[in-house]
Amino acid sequence: MDWQSLWLSGKLALVTVLILLPLCVFAGRALAYHQFRGKSLIEALIMVPLVLPPTVVGYYLLVSFGSESWLGQWLRNTFGIELVFHFSGLVLASILVNIPFALQPIQRAFEAIPVDVRDAAACCGMSKSKILTRIELPMIWPGLVTALVLTFSHVLGEFGVVLMMGGNISGETKTISIAIYDSVQAFDFDAAGIMSLILLLFAISALALTTSLSRRMGGQHERQH
Amino acid sequence: MDWQSLWLSGKLALVTVLILLPLCVFAGRALAYHQFRGKSLIEALIMVPLVLPPTVVGYYLLVSFGSESWLGQWLRNTFGIELVFHFSGLVLASILVNIPFALQPIQRAFEAIPVDVRDAAACCGMSKSKILTRIELPMIWPGLVTALVLTFSHVLGEFGVVLMMGGNISGETKTISIAIYDSVQAFDFDAAGIMSLILLLFAISALALTTSLSRRMGGQHERQH
Amino acid sequence: DTVTVAAAANIKFAMEDIVRGFEQHSGHKLRVSYGSSGNFASQLRHGAPFELFLSADEQYVSRLQEAGVVQDKGVIYAYGRLALVAAKSSPLTLDNEFDGLRQLLKTGELKRFALANPDLAPYGERAKALLQQAGLWDAIKDKLVLGENVSQAAQFAISGSAQGGIVALSLAVAPQFRAKANYLPIPEDQHQPLAQRMVLLPGASAAANAFYVYLQGDEARKVFADYGFSLPPKAHGAP
Amino acid sequence: MSGSTELRVQIRQTKGIRIEADFSCRAGEFLAVVGPSGGGKTTLLRMIAGLAKPENGSIRCGKRIWFDSDEGIHCSPQNRHIGFVPQHFGLFPKLSALGNIMAALDHLPSQERRPRALAALEKVNLHGLTDRLPSQLSGGQKQRVALARALAREPRVLLLDEPFSAVDRETRERLYLELARLKAELNIPVIMVTHDLNEALLLADSMLLISQGHMLQHGTPQDVFSRPRNEAVARQMGLRNIFNAHVVAQDCAKGVTWLKFGDRLIASDSLPRVNIGDKVRWVIPNQGIRFNSIASGRLCRSFNILPIHIDNMLTLGESVRLEASVQDSGERLNVEIPLHLAHKLALTQGAATEVALKSDQVHILEMIKA
Amino acid sequence: MSGSTELRVQIRQTKGIRIEADFSCRAGEFLAVVGPSGGGKTTLLRMIAGLAKPENGSIRCGKRIWFDSDEGIHCSPQNRHIGFVPQHFGLFPKLSALGNIMAALDHLPSQERRPRALAALEKVNLHGLTDRLPSQLSGGQKQRVALARALAREPRVLLLDEPFSAVDRETRERLYLELARLKAELNIPVIMVTHDLNEALLLADSMLLISQGHMLQHGTPQDVFSRPRNEAVARQMGLRNIFNAHVVAQDCAKGVTWLKFGDRLIASDSLPRVNIGDKVRWVIPNQGIRFNSIASGRLCRSFNILPIHIDNMLTLGESVRLEASVQDSGERLNVEIPLHLAHKLALTQGAATEVALKSDQVHILEMIKA
């Protein structure tokens, strides 16, 4: 069992979720509350990373952020950031690829907040940020959990993009998905089976914990009677 | 440009969506309205296809449904169905892999239906099926669109599972994703670029159409004032 | 009466020419699926509907034989060769003794070096052996980026994010590759041969058999050679 | 829709929301359920509708058993064929006003639904707004759609949870008439939760007072109003003149109970089971209080007379609300009299006068056991 | 919170929901907004709160400009510091009753919020339910939480959209007192939408009648009540005795307008601008109708007397509603009199009697231009 890869995957999933969800809360809120021309187009564009095969997305990311690209060079020269073949690159890739999973449920949850609750909050003199944290976040909670669960799972299972951006470097970019894939490719089905099982146990317990915790925290409303 | 593959991908996405969404409407409704022990576990299990790398999922599907497996043999002998390396197998695989994307948003949408509306519907003497079609479906519409958009996009971009279950056979199992992947592998970046572009245009216009149509149909409620 | 063929991705360029030739020559139609040899091997074990399998490595064919999927051991149709490659922007100078590589390692300018995964792909394994032989393995081990297959390794190399790599010569000679990177073929005697073996599957049609034979013929051999493969000795009875 | 359907409700629940009720409502009977907010009125209605399942008891509609805890019967709301207007309307957000009503008419042949729904909208005065979605309607308009939806069904039992709370006065009067007409026409039990006692008095044949899950009183509105069982009922009926007194005598032959209130003697025509010396609470409704024109001199009787001092006068439209203190006692009297009477009697703030209490209106409340 | 804050509203909107209003409300003034459902009352309140932006006009609170279409000023609800009780309560579903109130107290130092919120809950009689979520509260309890939330803020302006529609009678009375106390204490403009005229009469200093987006009348409640401008206002005020007549004479010196109603002569003290022969509508409120005891014989005057026939009598608690037909005319009269008076006058169904109309109460309505 490749514990290092599991740890790396867990770290990647966690970091991705921690960065992505807050971003999607803001973006989802903006998309939910505002109507403008071209909104449907923007919503469709967000799906792009989902429509292309992951290795292809990974390839384009590699080319865009690689040391040959002006973007990659600029990042390196100004910030000293190297994304390609580094953990930070995986994080970037995971974030980009998971935007659809995280954004859509959050946006829908914001759309479902009744106007009169938002009105009341404004009339109570609550600032935008207080409305967000005290009123809206608790109300979008189920959507947030969906976003979390989908993103977390998908990061664990993601393979194509990660391979292309990461280059399968042990301890840096070799996630458990890649390790399992490698085992299958190497006909080491026992190892693949064991790793899959452990990954599944890990994921399932993390997810079951999240959903049941969130149900306990925010779920009272679901059954009114 | 490999039009045949694009057509195949479109067909696969459509068939998957048409089969998967109705199933998820029923499953999502059941999960939303009923509380039972182990519900969190079931919800986590549904995520399994997402947690494993797609090729690995594809491999396990291949093993489960292939000609060596008792399931594959039984299906062939009793129904004459061959799944592996056939379009029908891709459909099965796509359905399994996309359950999380389709189910979660639908379940959340059902959970958001206020109790008093369901009560009123029951008191109006509406049968379960009428309540579903006339009251609930219009109300879960945004969730259904999310499910549709995520599933449709993901089927187009799905590659690992399809490759393993389908075997890259032109006209039968070679989807546009695989064609693009092949081009990238063969350094034919121009072809990959063109195919990606066309796929994206196709996907984006399909998605933008869907969301803007659905906004027009069911979206009046979103802005109350 | 289309012949279905599963072919390793690394012979795609050569195959396209050969297929064109065969179709003109025989009037039969071919449907070739390209992919990773390992995947094809797995799929063939579970009933994949191919008549002919061109593997990138003979090991997969012998596995199929052990599993009883195929009866014979097939024939070697070509030997793969390795090439040292570097993006045009890379500071790496290409030479047979790996001096440029050594130099770059010393100065620390070599950040990443691309190989196919030695545990999976035969090209990777041979490349590893080559580096070990040159006494570079320990120094370069931590700089490696591994492609899932040799084509991905090549992509790493031409992206410039890896300063160099060892990939299949058959890929390096492709015009799209040459446009972005330089390559140097590695002498055949420096590594174990990469025997690419093909095998007919049970129930192969006459047309499949014809193609099997055609692949061992002069026209096919010439194309393989043009795309950077070495050739096995000519079989008896081949055209 | 046979004329003999009587709704019989016997329920008891001790867990969760506490509720206990035992009453029936005949076909054609209009039952008003009143009581303090949070008393369990909505819960009771939901149980009758089949939306909540009581712990114990039974609910029957004519021969049909809708619920029986002993036999494990719990009939679904669909099978009860009721009309229900929930407190928060429960409109279907994605259907138009017309669609909301047509959705409740599934039992009719499809070509009848539209005309019936249109007629129902007409009855609640909303024919101009048939295609509006609920979110595009004002509060009162929403409520009327919910009402039309319940009425259009021609239900076996009509359940209304504060159906007029958001409706303006004129519309309300029109709806009262409509409801009265329908009640006669449909000949079904009608149960309405309301906060408006006038509404209850106007529409209801009987009244049920619920507080904290308990039935406090059940009877005709007049009865509950003029003979409240205890102080809680009296307060809910808006009676505000409730005082302490001691029983000094009880003359069963003449039907009089004599009370000592401060140093005044009060005769009451009610004959509760009390003992001499008991401390009791008694109530006098507005209509039992008579003002004497100051000019006409003192009243001749020596009992049921209270000298008062007017502290405060508040004109409310056609009537005046007086706040007065009863002399030689700490008690305060609240009286509402017609404006013209107040003028005629020359009542002004600060004036001292006397009131007479009608002995048939002096009501002694049930003792609350300590 | 200076005492001089006057709320000045001048708005006009022709697109979407039509609304036109021009009024002001002083600090310490209680303005009741009444009118038919769908009239635009909620819309008006939302505009004052800053939740909707009128097309044209301005809204000022003291020296502050909240909205001005010419200058492009539109102040956010947050910056208006108002207290708002929306029609559907708008409670925060994930916060407890206490949390809902504390959320509105952000302007206070954090240690003051909890005691203030608890005090507010106490005032609305909900101290036992502090930790309940809105979904666990009854309709009336929800409404009281919303009210407490608005009051606790000590706002610059208090806006109430039917704040008592779901509250029971006893609690309502208590809340009236609380509101009256607070109004004096806070000294701010209070605007309340209500359907209950008694509520308006009891609480309000002035009254605004809105129908179909138009201000029909603005004045003191007494004024609107006794001198409704036109028939729509009269109907909303619950006046049901509205009749046609012809002007036969107008004596400006004596201040009398003479009307011919059927073949009867009616004197009115109102002096509208009318011409002899004009057809007018006139109204008589309940308090302007006097019954003569049948025993006491005919009235001496020859005008303002209507012979009637009692068709119907309906006892409502302490009063009786009479439906009578005016003899020799197709018109019907509706009168409500105290029960004891009906008894004293021995009014019964089928009886014929006479009523006198007080000329100072006969009010001629504004002509509606054809």
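Lettered A, B, C, D and E in written order, each chain numbered from 1.
Criterion: a contact is a pair of C-beta atoms (placed from the backbone, for glycine too) under 8 Å apart; a residue touches a chain by one contact, two chains touch by 3 or more.
Chain by chain, the UniProt names read as follows: A, B = Molybdenum transport system permease; D, E = Molybdenum ABC transporter, ATP-binding protein.
All of these numbers come straight from a predicted model, not from anything done at the bench.
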item: Any chain that touches chain C and chain A; value: B
item: Inter-chain pair with the most contacting C-beta pairs; value: A-B
item: Longest centre-to-centre distance from chain E, chain (CA-based); value: C
item: Distance from chain D to chain B - Cα centre to Cα centre, in angstrom; value: 56
item: Chain A and chain B: spacing of chain centres that average the CA atoms, whole Å; value: 19
item: Length of the line joining the C-alpha centres of chain C and chain D, rounded to whole Å; value: 90
item: Residues of chain C touching at least two other chains; value: 39, 42, 152, 155
item: Touching two or more other chains - residue numbers and ranges from chain B; value: 55, 59, 114, 116, 184, 224-225
item: Residues within chain D bordering two or more other chains; value: 46, 51, 88
item: Partner chain C, residues of chain B touching it in the complex; value: 55, 59, 62-63, 66-69, 72, 84-85, 163-164, 167-170, 174, 182, 184-189
item: Of chain A, residues touching chain E in the complex; value: 114, 116-117, 119-127, 130, 134-135, 138-139, 141, 218, 220-221, 224
item: List of chain C residues in touch with chain B within their complex; value: 4, 6, 9, 12-13, 31, 33-35, 39-40, 42-43, 45-50, 149, 151-152, 154-155, 158, 171, 174, 176-177
item: Residue ranges of chain A in contact with chain B within the complex; value: 32, 35, 40-41, 43-45, 47-57, 59-60, 100-101, 104-105, 108-109, 111-112, 114-116, 142-143, 146, 149-150, 153-154, 156-160, 177-178, 180-181, 184, 192, 196, 199-200, 203-205, 207-209, 211-212, 215, 222-225
item: Residue ranges of chain E in contact with chain A within the complex; value: 46, 49-51, 76-78, 81-84, 86, 88-95, 103-104, 106-107, 133, 135, 146, 149, 153
